[in-house]
Every structure is written in C-alpha cells, then in structure tokens.
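Report on the structure given below.
For clarity, chains are labelled A, B, C and D in written order, and residue numbers in each chain start from 1.
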Amino acid sequence: MTSALAATRMNVPWSRFLGRHMTLAIGAATLGLFLAVALAAPLISPYDPIYQDAAVRLAMPSLAHPFGTDNFGRDILSRVIWGTRIDLQIAVIGVVFPFLIGTFIGTVAGFFGGIVDTVFMRLVDIILAFPFLVLMLSIIAILGPGLSSFYIAMALVGWVSYARLIRAQMLVLKSSDYAVAAVSLGFSRARIMFRHLLPNAVAGSIVFSMSDAVLVLLNGAAISYLGLGVQPPVAEWGVMVAEGQSFITTAWWITLFPGLSIVVLAFGFSLLGDGLGEWLGVNE
Amino acid sequence: AGVLTIGRREDSTTFDPIKSAQNVDNWVFSNVFDVLIRVDKTGTKLEPGLAESWTVSDDGLTYTFKIRDAKFSDGSPITAGDAAFSLLRIRDNEGSLWSDSYKIVETAEAADDRTLVVKLKTPSAPFLSTLALPNVSVLSKKALEAEGEEAFAEKPTASSGAFIVKEWRRGDRVILEKNPNFWQADRVKLDGVEWISVPDDNTRMLNVQTGELDTAIFVPFSRVEELKKDPNLDVHIDTSTREDHLLINHEHGALAKKEVRQALDMAIDKKAIVDTVTFGLGEVANSYIPKGSLYHYDANYQYPYDPEKAKAMLAEAGASDLSLNYIVNAGNEVDEQIAVLLQQQLQKAGVTVNLQKVDPSQSWDMLVAGDYDISVMYWTNDILDPDQKTTFVLGHDTNMNYMTRYKNDKVKDMVAAARLELDPVKREAMYVDIQKMAKDDVHWIDLYYSPYINVSRKNIANFDQNPLGRFFLEDTVKN
Amino acid sequence: MSGPVLSIRDLTVKVPIDGETRTLIDAVSFDLARGEILGLVGESGSGKSMICRALVKLLPSPAIAITGGTVLLDGKDLATLSEDAMRAVRGAEIGMIFQNPTSHLDPVMRIGDQIAEGIRYHQGFDPREARAAAVEILGQVGFPDPARQYDNYPHEFSGGMRQRAMIAVALSCNPKILIADEPTTALDVTIQAQILRLLMDLRDKRGLSIILITHDLGIVAQTCDSIAVLRNGQLLEHGPKRRVLAEPQHAYTVSLLKSHPSMPEESGGTPLTPAALPIALQPLLEIDDLVVRFPAPGLGIFKKGKTEIAAVNGVSLRIMPGETVGIVGESGSGKSTLARAILGLTPLTSGHVSFAGSDLAQQRRQTLAKLRTEAAMVFQDPYNALNPRLTIGDMLAEVLKVQGNTPAARIPERVGELLDLVELDRAFATRRPRSLSGGQCQRAGIARALAVDPKLIIADECVAALDVTIQAQIIDLFRDLKTRMNLTLLFIAHDLAIVRNLCDRVVVMYRGEIVEEGRCDAVFANPRHAYTAALIGAIPDIDPDKPLPRGDLPPRSEPKAAPVVRGQPLISMQ
Amino acid sequence: MHRYRFVLSRPLQFLPVLFGISIITFILVRLIPGDPARVLLGTRSTPTAIARIRAQYGLDEPLWLQYFYFLENLGKGEMGKSILYKIDVLKLIATRIEPTLTLVLTSVALSILIAVPMAAIAARNNGRLADHVVRIVSTLGIGFPPFWLALMLIILFSVRLGVFPVSGYGETLGDKLAHLVLPSLTIALSLSAVLTRSLRAAMIVALKSDLATAARARGMPESIVFWRHVLPNSLVPTVNLLAVNIGWLIGGTVVVETVFAIPGMGQLLVRAIFSRDYMVVQGVAMVFACATVLVNFLADIVTVSLDPRVRL
C-alpha cells in the first residue's frame, strides 16, 4: 500500500472520496437501495406478495401491476420487493458464516502452524476436491429443502476459501516485524492473533466475500432450478425465475424482473468488492 | 416411413422388463416386447396379443392360452415355453420388482409349443389384466440365457414387439428399429423410433417447435395454449388414469374424525385447482377410480365447495383451530402449485397449513412413517382392472391403505370379495358401493383427473397414447 | 574531455494532484560529458529517480509530464521526441540500471534472453548471434560461466549477480550513456564495492558516460567525477567532485556532508573511554556456544535425512550492563537470528543464553518472563515493525497495559512521556504509522521499546532503511538515551561506520560464527581477520583520494518461493 | 529439472484425500432419509418387496461392513452395482463421462479465448472506454443465473436464428461441436467474466511493474513488453483460479446439462441422489474428486512451468 493512497483514507472530504472511488460508491449505493427496498417492503409493495387473485392471472405489465402477475395472479412487483429481503438474507447469511468459520480456522491454522495447520489443510484439500453438488444435494436431502440446509451446505464448503486466504496472510504476517515485536513485548497469543494480525489479514477476505456473495446468490438460484429452493409460497427471486420458466415464451415478465434483480444485486456486490479492493489496497 | 423422434423427461434405466417399475421404461418395453394380452386404445378392454385366444376353467383356477404363430426378431419362433418362462421369471427372479403381483400363479407350463397352461392358487378376476403389463412381456428364453441377464438388460437381441433395440446411448437416447419379424410387421409404418431424453420442459418444447424433434411428451399444462397456436404442431390431449388426491393421515388427532375430513373436502375448491394448475385441462375428480376407467362411478357424491360450512363443521367437531403439516414434493412444479393454492383455500376455513417441502424420495418415507397430516399424491393405473389400485388404497394392510391409515373393515372385506367375483355386472355393483363408501369416509380427498398431453409436428399422424400410457407407435405415421 | 553527450536545460516535470500542480523537477540543468561519471545525490523524494526517468520519458504515471526544458542528445531534443523515436534511444543510446534488480528483471524469463532481446530488437541479430553477443556481455560483467548461466533465471542468482545481470541488460545495446539509479543500495558493502568497480571499469573500457544516483556520499566521493546535489526537485549544486566536497556552496550540502557517518571527528560523539564503562561483576547477557539451526528450504521426500543450515553456529558472547555492542556482518551471516535467539523468539538448537542470571534453555519460563519485561527490540523496517491499524498512542498504551507496571489512569500520561523521550510531538499519539515518515516511525518503534522500561535494547539494523540525515538523528537519539537511561544496547548493522560511531565494542559475524570481537577503535584500526579487513576496506569513504575498495567475498544466493493461493471458484453451478 | 520433482511425490498425497472423500460420501449418502429400494419399487412397494431388494444389494448389512465391501470392491477396481440401472457403476460412468468432459473442455477453451483478449484490451486501455466496457460486461456476466441465460441463448440462436441445435449431444465430432456451442457459451460467459476480471487486474499491475518499465527502458516496443513480459507474469493467479473453477465445473455442470439435455455426469448424479442410488453417488463423487485433484495437479505443473521461482 502506498502511503499516498493510505493518506486518502482519512481527512478527505466525501465528495473527493466518492470521485476517487466511483466503483465503491456505485456498489454501495446499489446495495443501499436494495437494503432500503427490503426494509421498506411492507410500505412500498403494492400488494400482498402471496395473495392470489384468480381474476388477473398471467397479466401483462400494466399500471395496476407494473411488473405483471404470475400464474396465480400474484403481483410480480410485490414479490420482487419482498424477495429482496430473502435474497439479501441469502447473500449475507450465506457469506457471514463461512467467513467467520473460515477466518477463525485460517487464523488458528496459520498462526500455530504445525500439526493444527496440517490437519486443517488436509481437511481443506478434501473439501476442495469434494464435489459440491453431492454435498449440497445430500445436505438438502438430509435436512430437507429450504434456506437453512442451503446455508449449512454453503458454510460447510465456503469456509475453505476464507481459511486459505487468511492462512496465507497469517503465514506472512506472523513473521512480520510487528508480530515479532508483539511477542517480544510479552503479548498473549490470542491478543497477537486476533487483535494485531487478524485485522491486517482480513482485507482480502472481505473483498473476496463480495464475490462470494454473488456466488451464493447464484447457487441459491441454481438450487431453486433443481426444485430445492425455499418453501412456497415465499417470494424468492431464484424460485420466481425457476417457477416462471414454464412461461418464458408466453409470460416473459415472470422471469425477467426477478432475473434482473439477481443480476443487479450481483452487480452491486461485485462493484462493492472491487471498490473495497481498491480502497483497502488488496490488489496491490 | 421415417424415424420418429420423441422427447421425454428421462432416459430408460434398463431393458429387462421385470427390473423396472417406472413409466419411462414401461412405455418403451411395450414398443419392444409384446404381451400375451393387450389393452386396447381406449384402455377399457383387453384384446389378444401373442395369445390368440384363451379359456378359463369353471373354478377360475386354470387358464389355457393359445399362442400365436409368431417370431422373435432373431427369427426364432415364439413358443408357449417362452411365455411360461417369462411368467415364472417375473414371479421367481430375485431381481424382479413385480414378484408379489404374480405370487398368485401356482404353475405355468407349456403343454405344447402353442399351448400355455397357467394354474392359479386362488381365483382372481383381475388376473388377465395383469398379463397385459409390459413387465410380463414375452421374452426369448434362449436369447436371455445365451446373452446373460446383464447383457440382455443392456440390449436385448430378441424382441417380440414392433421394434428392436438398435442402440442405447445411456442418458441420451434409445434408438429403436423396425422389427421385420414382428407378427404385425405390416402394421408398422415407421422405420424406427428414437426416445430422446430432454429433461428441461422448455427445451423439450422448443425442440418440437424448431422441428428438431417430431414429438414431445409430458407437455406442461401451462404450455398447451401456446403450442396449440403453433400452426406446425398438433397437441394431443389423451385420457389418462391419473388421479391427484390429497392424502390424509387418519391417525393424526382431529383427522381421525370423519366430520373433520368431510369439512376439509368442503373447504377445498377443486375447480380453482383445475383452472389454475391445469389451466382448465383437468377435470374435478369425484372418485378414486378415474373417469373413463373400468367401473368408474360417474354419479358419485361430490362435496360442495363451502368454506363457511366447513368452518362450522370444524368448530362443531372441536377442531376450529386446526393446524396441519403438509408435505410437498420438492421439484414437482404441479405439487408446489397445488400446495400454494390449498394453503390459501384452507386458510379461509380457518385451517392453518404449514408447508414442508421435502425431496420426493424422502416424502415417500415420511408418508410411510406417518410423519405428516396431509400431502398431495397421484396414482396412474398400470392395469385396466381397478383391483390393483383398490387393494392398495382401501383393502390393504401392509401399506396402511396407501399411507392414510384408513380403517374400514367393511370396505376391506368388500375389496377382497370383488377380487374374487368373476361376474362383471356384480363386480361393477360392488365397486360402485366401494366408491360411495370411500367417498363418505373421505379416505382421502379426490382432487382432479388430468389427461396425458403430448405434442407432435403436423406431419406425424396417429400418435396415440392409451389411458394406461402405452404408445401405439405401430400405427404412427411420419409423412 | 570533449563536448557534452547529454545536455539538460531547464528540465521541468509537473504533476497535477488534487487540483493543484506540484513541481517534481524544477528547471534542472546540467551537462554530461563523454566518459564522465556524474553523482546525483539528495535525500529520499528529492527527485533523483524522476530526473532519470524524465530523460528516457518513462515517467511513473501518465499524469506526470515534462512541461518544459530540453534534453539534448546528439542534437536531438528527447523532451519533444515521439514515442517511436524514443524507443530507438532507450536501450540503444541510454541504458538504465535500476535500484532493485529483483523486481526489474523479468522473473520468468531466462537472464540471457532478457539481454538478447534488446540485441535482437535494436541490432537485428538473429537468435544465434544474439545469444553469442549476450554470452559475451555476461562474461564482461563478471559472470564466471556465461554460456551456462545464460539459461538461469534471475532468482537463481544472488543480489550482486542480479545487479550484474541488470547491468548486462543495460549494456546489451551498446549505449553511450548509462543511468544507474541507486545500483548498490540493496547490496552488502562488499558486493557494493564490486559493482562500483565494475561500473568504473566499463566506463574506462567503453568510454561510457554514467549518471550514478545514490544517497551515499562515500560512493560519490570515490567513483564520480562530478556531483550534483538535488533537493525538492531543485539542483542546488553541481560541480567537480573535489570542489563540492571540499568547499560546498549550499548549506544543505554542508549538512549532508556532516551527517555522513564516516567522519568520526565531525560526528559529535566520541567512542566511550574504558573509564566510562560502568563496572559490574555480572554480565547482563551471557551467550555460550549458541547454535541455531533451521531446516534447509526445499527439502523433498527424496532427499535422505534432514538438511539444516546453521544460522548461528557456536557463538559465545558476554555483554556487561551499560555496554553498547555492535554486531556487523554481511547479509545472512546470522545477526538477526542471534538477536532473536537472545530474546527467546527462535528456538535454540544448543548452547546457552542467560539473561540477568537466568538461563533461557533451562529455566525457559522465568527467563522469558524476565526478557519480556526487561528487554526490547527495535526493527529495521520502521513501517513493517508497527501494526498499521493501531495509532501510535494505542500501540504504546497497549504495551503499558500488558506489561502491567503502569496504573491504568497513568497510561495516557506515560504515553506522552514516552513520545517526549523519543522527541516526537505528543500529537503523534493519534496518528497511524502510514501517515508518519520513516524517521518518525522509527522513533515510535523506539518509544515502544522504551515502554517496557528495558535494561537491554536490541536494535536490528534500525537505521538501514533511513536517509543519512535521519540516520544521524536516530543515532544521536540512541546515544542520548543510552546515557540517560543506562541502557545496554546491542546494535546490529551492516554499516560499519555507524557502529564505529556509536559502539564501544564490535562483534564481526561471518556465516554464523564470530570471527572477530574487540573494542571498536582497535578492531577498525587493526583488523585481525581477513573478513573484517575486507568489510572495513569496502566502506566507501567520503575522502575522494582513497581508492575504491575491492570487495572480494563470495556472494551467496537465497531463492525464495512465491506462495500459491487457491481460493473459491467464482462461477455458480452451471 | 528438480523443480518438477513434486510430480513424482504429489500423487502420494492424493490417497488420503480420496480416502477421506470416500468415507464422507459413504456416510453422507447413507444419512439421507429415504430408501433406494422404495424408490425403485415406486408407489406400489410392499414391505416384503422392499426387504428383498435391500437384501439383494446388501443394504441390510451393518454400515461398517458395507463400507468394507465398498473398499474391497475398490481394491478390485470396481465400485459396485447401480440399483437403478442394474449395471456396474464404473461401466455406467464410462458411458456418461465423455459429454461432461467435452463440455468442460470446450467451455474452458472458449472462456480462455474470450478472457485473454478482453483482459488484454482492458488492461492496455486502463481507465479508458474499452476498459470500462470490459469491466461492466464482465461484472454483469458473473451475475446471470445460468439456466436463464441458457434459455435465452436457445431462444435467440436456435429458435430465432436457427444456427445452433436446441439441445442434445451429437454423434460425430462436428455434430458434437455444433451441439456444444450454446452450452459452452453459457458456461463460458460467466467463467470468462471471472477470468477476465482476474487477468485484467494482474495485467494492470504487471503493466505498471518495474519489470515492464525495465523492458521499456531497453527500448522494447509496447507489444513485446505486453506479450513477452506482462502476459507471462500475470498468468499464474488466473491459472489457479481457472483450476479451481474447472474443479468446480466438473461437478457442477448439472444445470447446463439439464437445460441442454447433455447426457453427462451431472444429470446422472442428480438422478442418482434423488433415487438414493448409493453406489452411483459414491462412484461419481470419487470420479469428480479424482478429476478435481488431477486438475489441481496439472495447474501446479503449469504454474511451475510458468514461474520458475515456484517450488512445490
């Protein structure tokens, strides 16, 4: 990290900060928008997302239903709005647990090295070579379809990436002078690991977690395509796209809007990740 | 002339008829192997197949079949010995999935090359119809023994049906070729048939629309309207024996009460389901025996849709805040749609429904274990006679009456009696009674009947499927 | 000497930053004659590199631009030459040697190919001819087996050899002018001498003109013909070497000359006399036959047995309280390992270290506890030694808290005192390392060491990364603290001049062993071991009349593996 | 060539990994509620029939014994028999492996063909319009649900334009290639986006790096600087990213296989899991694991040959 860049991180007016970090700003704004929509869902959604109105089944987008309706006559706009809650939740929970687990394991393995490290890294090898689909489908089969199984499967697999990233960083940082200094000053190992090294090791993982969120989102959609997504009648974009498949040539609006929402949310996460990377200097 | 391509969801799993119980396989078996007795196109009558004619002894225990002068595709004659071998094999082979259904056969012997004598342990009205199952097709003993079971299952060299297996590209397609030695070879117009697996519904339809496939089966209800508009296509809506119903676990709390079950039946608007889920292509069901099948009782009682009354009845039965656990089959679009509808409808009668989506193989286990309150299932007949379904659903102990735990000894006795009754008129009367009683007890809730929907290009003629699912490809023409 | 090969007039380089324009090079003018070596000196950030990059128009970012002036080479004005025409100048007319050969050589291309590449491009040789030419150049710059070494990769060489390769690349197209940007800063003194000698030989053989950038006045004094002093992008002074050294015109030049550590009579402090040594019976630190081994890198399963390298091999040393001991030796000689072993930061293979009477090998726990509260370390890289996420105040407060000797209420006050002690403004408590200069960081690092109230401070090359002027300030600070707080100081350095200035006693290490030990003045005046003599001989002295020393020690190389990290796939199930 | 010595020693490290995977899959599939016999028998299953099938496939034995048999079979180079398809699992896999393999290979080739030029254009025009376009396209490209993208491609290229077949897997080579264009494109659109992003970032760093400056300082034209110095120095992270993604694809092409009706391993696996065909799930998992391990191994070899500094 250059010190010139680092200096921009403090005492710089917002406008200039934004100018220099367009990517970050757009990404954050996009996600902020989705978050706002999710929070305000009860206020802004024009209909009940699960209310079926037989009179307006498969209606084209119109003033009454700006995004049209699905085969049950449910309002797509309302479903997309309420779906924001679920999909943000998927992206966040699907990333947070792997992140926490992976960070902890990576920190410990990288810091202590030796047998702890060897054991965890063999486990990492196994999980990396383990076919994800087998794991995902088995866990869903064991625990039943739905979000919690999905989260568990994502966490079981996802921590590996974080653990590896953090571990690699820890290996470098633990031999850094300030780590040695901390040891020589008699700091406890936990203090060195978690207060001194981890905060310096975590930037790469934070940036990665944004791409990971995209991946989680898309895997959620793929699971929905295989019919193992959230419980009906909950509105979730992946499920909506998957359900709307049957109507793709006749009622394009059923898939288009939730599909676009996924793309845009993913775009937001990617931009935020890129922006964070620039800001935290991870790519340097 | 020409080769007919058919798109379907899944590929075959085997060519050994006794080792599969799946429609994907059965529908191909009936193109490749012939049976002693066939079911006609309407699905209501038996007609001679490889058995030219047959007689039944007065005690109903001895059946004598006259075997037709026909050949296997390898040129060897089809004998009574082959027929006996095939019948005993499905009963005795350790890999057979059907042995229970043929336990009733005491002996099967070839009196001579053309005469097959079968002795039963007890009389059975439905026995002849079970001989029409593709699984008990006549196989060549010689070929099977020469090739070995495994190789035969991969690619049978001798077929008794209209087509022979030319190639099987696993996971992709089964390629059939006309069998020149088929006894009705004149009737077969096609040079061959390819059953191609296209799992995605959209892709399968698009394939027919672009002309890459001649036909596609399993057309989703939602696509019918659109496909009908396509001038190049014919949409075939053929009667089936499929009936969708709502299973009720009679052992769970208030559901044990008949009044509660009746109230549930009244709280369900089947018409709305037919409209929304089947796009009006289905028909509201009033009996567990599907419309158009043997002994279907068309005048059976139909609970009216009346959520208010249902609510009142529930209150009266002390179940006004009923909450039900509803098992939904994951990945089944229709099931999920019905679930969503039922949840909203039952809500109106004050019943809370908790949907629990599970993988289909698991839902089956949960139903068997009784881990459910309600769940939608369907049944399609494989044989013409109603006995099989009736036994499973109302007269059976081993499977808890199709997982419902329904108990009515009177009905059970009647089912057993109907099986033995050889007089069709009396039998019909017995089945009408059974249907009425079952309806009154609400052993389950009949939802709707739905047709088979297939689509073909305009140049394909006579692409028909009978209610039991058999495709009469020997009559199909590709222009 | 004939007319100038290169003539620079009013060269100005500017960069727009945050709406304002900063002038990086401010109307610099000078001439370079044929065969002349021009020494360009100045503190870090003064614009030395920027001038050279401007000459070949390879400015570090597109925003930086030459806004005025001319650079005349053979009558062409490089400042206005097109990019295509510039390409013919670069390499063929002006060759560049960079400070850090490791990053400037392509790590994935064979050394020879990097030399041949320019030859093929500029001279149109076919691959075979180019190879032959490259082998010849490799020989000229001192590769012992050029034909074979042609096929080696940069990382397979030591730093000195890499710098030679870098020179070979610059020479490949027969340039008239060589620009060498701090070519020896990263190298050991002995290697540095070899490289400088090589440059001078080349100048003599080929009649090259050289611009030599350095911050070490000793180098300038001994190799250059003329000196240019740069500060804040301005050329303060330019003239023949002897004149500038003897009678500097500018005050800045004077201060630069003063801070050069090779002039003990100017540096203010004199080595302590024996009388000043406090008399104590027990040594504070006693090291006895210490051995520290590391497993050798890259041992595969096909190698039998364990290969180990002894970083410290049988070292014995006693240090009395209040003493200041310097440890010198080339890179890799085991100085840092020794320091870490003393502090219990690295496991001892055998031998003893006892600190204030307790033995690290036998009573590990007590000794460590003692070491942690009574000994501290100061590190080489001031930025890397401080946690970048903590403010200086937080960092010091944490040490005080963990050490537990200071009541919580008194911590802020004590932090202030520590900052005063190292002459840092108290306002620095709220700043993070990144917003400090190197010298300020190093002071913070020293404050951290003082926070434990130590008896012993080990400083591992703590000034090597700093500018000469800053170096002098830090040394003064140490001298001051030492007397004020009665510290025992173990001072590791590769710069012998500094050791001579600061220390009572010097220990010379070579390949893990102590080859010479004794009082500073005695050792420097009269080295007994050949290695010590070579080390001392290799120091470039600011006296221009001393001949350039020869450095004749075999270099060693240490290849480092790049880590490979596999992460998560980034596409979803398809 | 001591740098490549790991090629000999590495395979030994595969064994514990594969062993671990075999145990985990074995336990995992058996934890799944549901019974293969019941699935096989369908709605008409009776308890006696179920018991018979279970006995036939040894499912009534204790778990540890079943695992022992599994290992014993593995030692003989067998993987047991599929319950659904009734043939040897290895034979079954052999019939399904080619389409998946070809699909993955063509997708990867296509991705590389797209990613390298895109990244090069973006990096060389860093900050300019072309760079922004590439960045936005590649960022968007990651976000498309593949099944949706697949259908859109079919509707556009097969239905509207009629240039590529809707679905399936051909017989002759040319036929296969024609069938593989759209599925590969579906995968390649997201994979190349990922690769482009990584490669672009690495190239931008390398373009500004000291070694590029040094090459320019010896008068090399920008094209040589780029293709001979910058590119080789930016490949390693992307190669490793690619390796991870190939490993991921090998076991994750199920959606594309389903939409395009490609008779590959993904479809086989999904059907095997849904029908609790234990032996097939185990077999496929092992094959996938081996493939992943192999891909990583190859990536290591490529890395070592790209960067002489790397030791493994």
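As a convention for this text, a residue touches a chain if its C-beta (ideal position, glycine included) is under 8 Å from a C-beta of that chain, and two chains touch if they have at least 3 such contacts.
Predicted, not measured: the structure shown is a model, and the values here were computed from it.
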Minimum number of chain-to-chain touching steps separating chain B from chain C: 2
Roughly how far is chain B from chain D, centre to centre by C-alpha average, rounded to an integer in Å? 39
Chain C to chain D: how many Å between their CA centres? 48
Provide the C-alpha centroid distance between chain A and chain C, rounded to the nearest whole angstrom. 45
Mind checking the centre-to-centre distance between chain A and chain D? Centres are C-alpha means, answer in whole Å. 22
Chain A touches at least 2 other chains through residues 128, 132-133, 141, 211, 214, 218, 221-222, 226, 245, 248-249
Two-or-more-chain contact residues of chain C, please, as numbers and ranges. 565-574
Two or more other chains are touched by the chain B residues 202, 206, 331, 359, 361-362
Determine which chains touch and list them pairwise. A-B, A-C, A-D, B-D, C-D
Given the complex with chain D, which residues does chain A contribute to the contact? 122-123, 125-126, 128-135, 137-139, 141-142, 211, 214, 217-218, 221-222, 225-226, 238, 241-242, 245, 248-249, 255, 259, 262-267, 270-271, 274, 283-284
Residues of chain A that touch chain B when the two form their complex: 50, 52, 54, 57, 71-72, 140-141, 144-146, 226-228, 231-233, 243, 245-250
Which of the residues in chain C come into contact with chain D in the complex? 56, 58, 87-92, 95-96, 98, 100, 103-109, 117-118, 121-122, 153, 155-156, 166, 169-170, 172-173, 297-298, 300-302, 559-562, 564-574
Any idea which chain D residues touch chain B in the complex? 32-35, 38-49, 52-53, 56, 84-87, 92, 95-96, 99, 151, 154-155, 158-159, 162, 165-169, 258-261, 263-264, 267-268, 271, 274-276
Name, in rising order, each residue of chain D that touches chain C in their complex. 5-6, 8-9, 12, 107, 142, 145-146, 186-187, 190-191, 194, 209-211, 213-221, 224, 228-229, 232-233, 236, 240-241, 243-245, 247-249, 252-256, 296, 300, 303, 306-312
